[in-house]
Amino acid sequence: MATAVTAWLGLMPDEVTAIWLSIKVASVATLASLGPGLGIAYLLARKRFPGRALLDGLVYLPLILPPVVTGYLLLLAFGRRGPIGSVLAEFGIVLSFRWTGAALACAIMGFPLMVRAMRLSIEAVDRRLEQAAATLGARPLAVFLTVTLPLSLPGILAGAVLAFAKAMGEFGATITFVSNIPGETQTLPSAIYTLTQVPGGEAGALRLTLISVVIALAAVLASEILARRLAHRIAGDR
Amino acid sequence: MATAVTAWLGLMPDEVTAIWLSIKVASVATLASLGPGLGIAYLLARKRFPGRALLDGLVYLPLILPPVVTGYLLLLAFGRRGPIGSVLAEFGIVLSFRWTGAALACAIMGFPLMVRAMRLSIEAVDRRLEQAAATLGARPLAVFLTVTLPLSLPGILAGAVLAFAKAMGEFGATITFVSNIPGETQTLPSAIYTLTQVPGGEAGALRLTLISVVIALAAVLASEILARRLAHRIAGDR
Amino acid sequence: MTLVVDLQLIRGAFALEAAFTAGRGLTALFGRSGSGKTTVIDLVAGLVRPDHGIITLGDETLLDTGRLIAIPAHRRRIATVFQQPRLLPHLTVRQNLGYGRWFAKARPETTGLTEDGIVDLLGIGHLLSRSPAGLSGGEGQRVAIGRALLSRPRLLLMDEPLAALDEARKAEILSCIERLRDAAGIPILYVSHAVAEVARLAATVVVLEAGRVAAMGPTDAILRRADLVPVHDAEAGALLDMVVEAHDEELGLTRLTGRIGRLAVPRLSQDVGAEVRIRVPARDVLVALRAPVGLSARNLICGRLLGVSPAGEASMLAEIDCNGVLLAARLTRASVRDLGLEPGQPVFAIIKSVAFDPQGVGTGRLAAVEI
Amino acid sequence: MTLVVDLQLIRGAFALEAAFTAGRGLTALFGRSGSGKTTVIDLVAGLVRPDHGIITLGDETLLDTGRLIAIPAHRRRIATVFQQPRLLPHLTVRQNLGYGRWFAKARPETTGLTEDGIVDLLGIGHLLSRSPAGLSGGEGQRVAIGRALLSRPRLLLMDEPLAALDEARKAEILSCIERLRDAAGIPILYVSHAVAEVARLAATVVVLEAGRVAAMGPTDAILRRADLVPVHDAEAGALLDMVVEAHDEELGLTRLTGRIGRLAVPRLSQDVGAEVRIRVPARDVLVALRAPVGLSARNLICGRLLGVSPAGEASMLAEIDCNGVLLAARLTRASVRDLGLEPGQPVFAIIKSVAFDPQGVGTGRLAAVEI
Amino acid sequence: TEPPVIVFAAASLKNALDDAVTAWSKETGKVAKMSYAASSALAKQIEAGAPADLYFSADLDWMDYAEKKAALRPGTRSNILRNALVLIAPKDKPEAIALTPGLDLVGRLGGGRLAVANVDAVPAGKYGKAALETVGAWSGVKDKLAQAENVRAALLLVARGEAPLGIVYATDAVSDPSVRVVGTFPANSHPPVIYPLAVTKESTNPDAVSLLAYLRSAPARVFFERQGFTVIGAENRT
């Protein structure tokens, strides 16, 4: 089936690889940032601590910086010779020029969007419900897991989808950090970019763009349906 | 004062222009998208209508598409020969190579972020309050303006700041659509990008990046303070 | 202005099928928790659409699903005091109070109440510049009442408006509701679990049971039915319509006259000639075979025992016909046996206390009074 | 287990400065709207930190701002029924009920209540799989009560738990609260505006006024003070501690004995020898100079008139010493004059109804009963 | 199987290089992976230790940069291709323009802008600026430029009629039917447009040299020439 579809779309093997890689990178980037994203969103939404403003600003950074700059900074930090990259390398973790690096780049680029959405939702959770849970014996972590988290699911979902969509479109930081190696770091947007750089690449670029749009929109749609179910369950018929 | 500061930072006149232009473009882009953003966020949050899924997906598009593609599409649509651009031209409105075009590009790139944040906040508004307002004689528009809107202000603020920050960092779509004309369309990110493309341009790029970060973070901080005041007013001391 | 309602709505396992008419005065919606009272309020307010139904207010059709008419909530001019206050959290108390007033600017005044008057009555003057978030339960409820009253409604819906209030405040607000009902003539649909409130305020009672109207009628008829009104704390009783005959300033007494004869009650504020309604709770009526002497209870009425029926585990309800007016007295089974009560027997009813409900113009006393 | 509280908190213009002790049994927090009852509940539950204060429960210090001790809410093992239900909207009713139970898994059982028992008592069996969003006001309140009861608390805080309930359901839940108080021995801090509830349940009453403890003491002493308890619906009255002497099955009577003498009341469920507390509302006491004959009221007690004081506008409160026990009777001024009541005079008190409050083991009747 | 040779190449080389490498693979049975991106990004990545075997830059500056950072294997660098710089116009205005001193470019622009790649950063822009200076048109048009992010974007501006004239590589102009070449800048009017190639220092793949040799060989010529490049004769390569 899959082969039939790719044949029908006139896709090159490299392009098929790029599509799968993009999905993998975007999914991993999204899933991997869920945890830290939630944690930071919760901190920003609910806690007052020194350095809070700094953390808040830091989270916004990838949005403000031109992607090339972000990519370059990633290269400096996580490159084989970078301060973090060299330490990671000792543990056998190499990010630069691997798909994992692409996922890192996408995760970082999507992070501000994810955190902002989650944070809004957490802020909207009625604290009186959390208090009620506490009086029933739920420890703060349990309150978070059984009350705050489920009640902010719509925002978590929205954040995840934003991050996924962003990952499906991100290439500036990715290509700067991990280059554009087919099968390893060449995601759909990178492939599209390459095609726009050569004469006659437009048709190919358009085709790949459409594919990336379809995939991202499918994710958006799925999340919408899920969100509506959740909302329905919580709001009841009233 | 301003001159002293620019001198101290060692800024070129072109760079100073780029800074001001960036602030102008980002502000205009943010302010101009507030209205449509709110409208669409409200529709998506509260109404069921045919084509809703389509609109939802459409809003996400600029996030999913590589910025270059967005810029390219903008050029196709709003360019001198584009279907919209040619119509606008008849009314004397030209976007291409103008700062207004840069603002359009930034607005569109920030739109998904803005709408998503606003929508989350609108969805979190307790409908029972809107109902109460209606029983007191408020028409739907009045309910929106006096209840929904003020109660979703945190999200509106968050959306605006996201859009502003995005605009401060956007250049892919901008440069493709309106090029990189000093004083007209050369925003900070374009200037930064240019510097990253010159061997030895890192120092300059870093300087400009810091400036752009400081500006965007100032906006973030201001919005945080405002949001906290709002939240405080609504939540009271309890 | 009469409210006519005929509504059907299915919600999961709950089916509402209610038709009733609420005329001038106050109509009480009475029924156990979950019987559909709030649902009816929501439907009349226009916040929920029924599956089928008609709602008319005066000669205006607010809703007719058959004819596809559905006036939206904001054009119904019906003010609602919800079961939960629903104050707008981003506005101050003052702004909340002014909210409805503002949208009603162009409408004719209906209540005759001023903002200052309302604020005084509700005792919320010190809260005006506060945000609703810090208000106590009762404070919030009072502000919600004030907001509704200030919106110039032509119909008032109140869903347990006094549940969170202390007795003293409750009494004050009840008298205000009475004024609205009588002086301003605004029809009121009133949800309450408190029989005393219902007895005092309502001209008509609609009893809901699992979404259906189990009974509907004049308050006295409904409240006498032990099968409808939960027999707790001796809430059963009779309602008597009487006229103020004279005041005795020295003793602080008012003499009332009616079909039942004469009653002396503590000084009322009504003028001579005014119609008042008093409620005589069954628990406050004693039965004597002979007229007692040297007893503190002042009202002795002779009548004929109609019958005695069991009410609750150990007590019985005696119905006494006093010149065509029915009184109810709650007795223990032991008393019934000891006195050897038989239907048809002449007896004396000794009334210890009455509760007042002014009919017609003027406001009455709030508390039940001991005679 | 005794709760000792000494708290200070400033919130805008409101200053709480409350110190009281709540021992075994139920302690009622009584006071007008906005007097600080909910604030006290929040503080004891651990949801709000006072500016200064100490809270101890038994020999455990829950809070001591001076010693920087503050046990967080989740480790206090205090269950709270809030003024608003606060159900978790993403869980079903069943899951809400199970929520506290789950976190209390490892704790010792305190209430002796089973989930099925609670569900039955509260009448929420048909709601178990529903989401809280569709519940009616009273349904939500009942689920909230169930959730608190199931969490194995060692102290129960209840903030107007019965405000939205109908009388019948209220009566059932009251009896359950009594069982908890007596059988399970869980101390309860209970906020209510209803004097009847307070009189029936409370051993101690704490009266709050503008954040300060205006009075505190045994329920009977407090409820006799008309300056504290709003004189509405004749809530003033006396509490008598008596012992069950015998049951008369045929007539459905129970004979009680105490310092005041003997009283016959409808059949109680307590065993012979059990201690019970009955409340005699002042409105239900008549005064006679001569022993009446042929009267339905069964309990005639002779005593000496101590004095008559004004209570309210037209009525007076007569205090009668019956063998060292004080009874209160509410009379009109006219009656006082007509009977020519003088302090020191021997009088008969005729008691029409009493309300029961079982002291010690065993549960009592729920409703007030007519004698 | 043997590891593939990894080639970091300027994006503009994609068409030619893809064909050439395919031919090499067929001939030798060895494989190569192409990573196309901006020369600048690639240079920095190689500096950071990217797993590249060959670096094929679009200009000398970035190759110099890499060499200066000691990222190249000494003695492997050579110039492979040469490109010409042309002036283009939309196909509906194909009047030829003589690119000689005294050229009135401003007049020919007729109030429009001259599309070029960024004259400070992008090679094509730098060459274009030099050429304009040579023909004495620079001071006239320097404020009438529309500087694009890259040559392709400049081409697009002309193709869409946004700019009446543009400066691009001959290789780009050849392939786009919507533009016409209206003049070719004399080769001596600007520094030679040269594409240098080298083996990286990090490379351990023995096949790298084989591919390098093939790209320099006569059989590879055809692929480059087909895309409009001029292959530099062996005698002029260093």
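Labels for the chains are A, B, C, D and E, by order of writing; each one numbers its residues from 1.
In this text, a residue touches a chain if its C-beta (ideal position, glycine included) is under 8 Å from a C-beta of that chain, and two chains touch if they have at least 3 such contacts.
Because the structure is predicted, anything quoted here is derived from the model rather than measured.
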| item | value |
| --- | --- |
| Neighbouring chains shared between subunit B and subunit D, ordered by label | A, C |
| Interface composition of copies subunit A and subunit B: same or different, split at half | same |
| Relative to subunit C, chain with the most remote C-alpha centre | E |
| Whole-Å separation of chain centres (CA-atom averages), subunit B against subunit E | 35 |
| Centre distance in Å when subunit A and subunit B are each reduced to the mean of their C-alpha atoms | 20 |
| Length of the line joining the C-alpha centres of subunit D and subunit E, rounded to whole Å | 90 |
| Interchain centroid distance [CA atoms averaged], subunit A/subunit D, Å | 57 |
| Numbers and ranges of subunit C residues touching at least 2 other chains | 11-12, 84, 130, 134 |
| Sites on subunit A at which at least two other chains make contact | 68, 72, 193, 196, 237-238 |
| Partner subunit D, residues of subunit A touching it in the complex | 128-129, 131-140, 142-143, 146-147, 150-151, 230, 233-238 |
| Subunit C to subunit D touching residues, read off their complex | 11-13, 31-34, 37-38, 83-84, 126, 130, 134-139, 141-142, 159-160, 163-171, 193, 195-196, 230-235, 248, 251-253, 264, 266-267, 283-284, 286-290, 292-298, 312-315, 329-339, 350, 352-353, 366-371 |
| Subunit A-touching residues of subunit D, taken from the complex the two chains share | 45-47, 72-80, 82, 84, 86-90, 99-100, 103-104, 107, 130-134, 147-148, 151 |
| Contacting residues of subunit B [partner subunit E, same complex] | 68, 72, 75-76, 79-82, 96-97, 172, 175-176, 179-181, 193-199, 201 |
| Subunit A-facing residues of subunit B, complex | 53, 56-57, 60-61, 63-69, 72, 112-113, 116-117, 119-121, 123-124, 154-155, 158, 161-162, 165-166, 168-169, 171-172, 189, 192-193, 196, 205, 209, 212-213, 216-217, 220-221, 224, 231 |
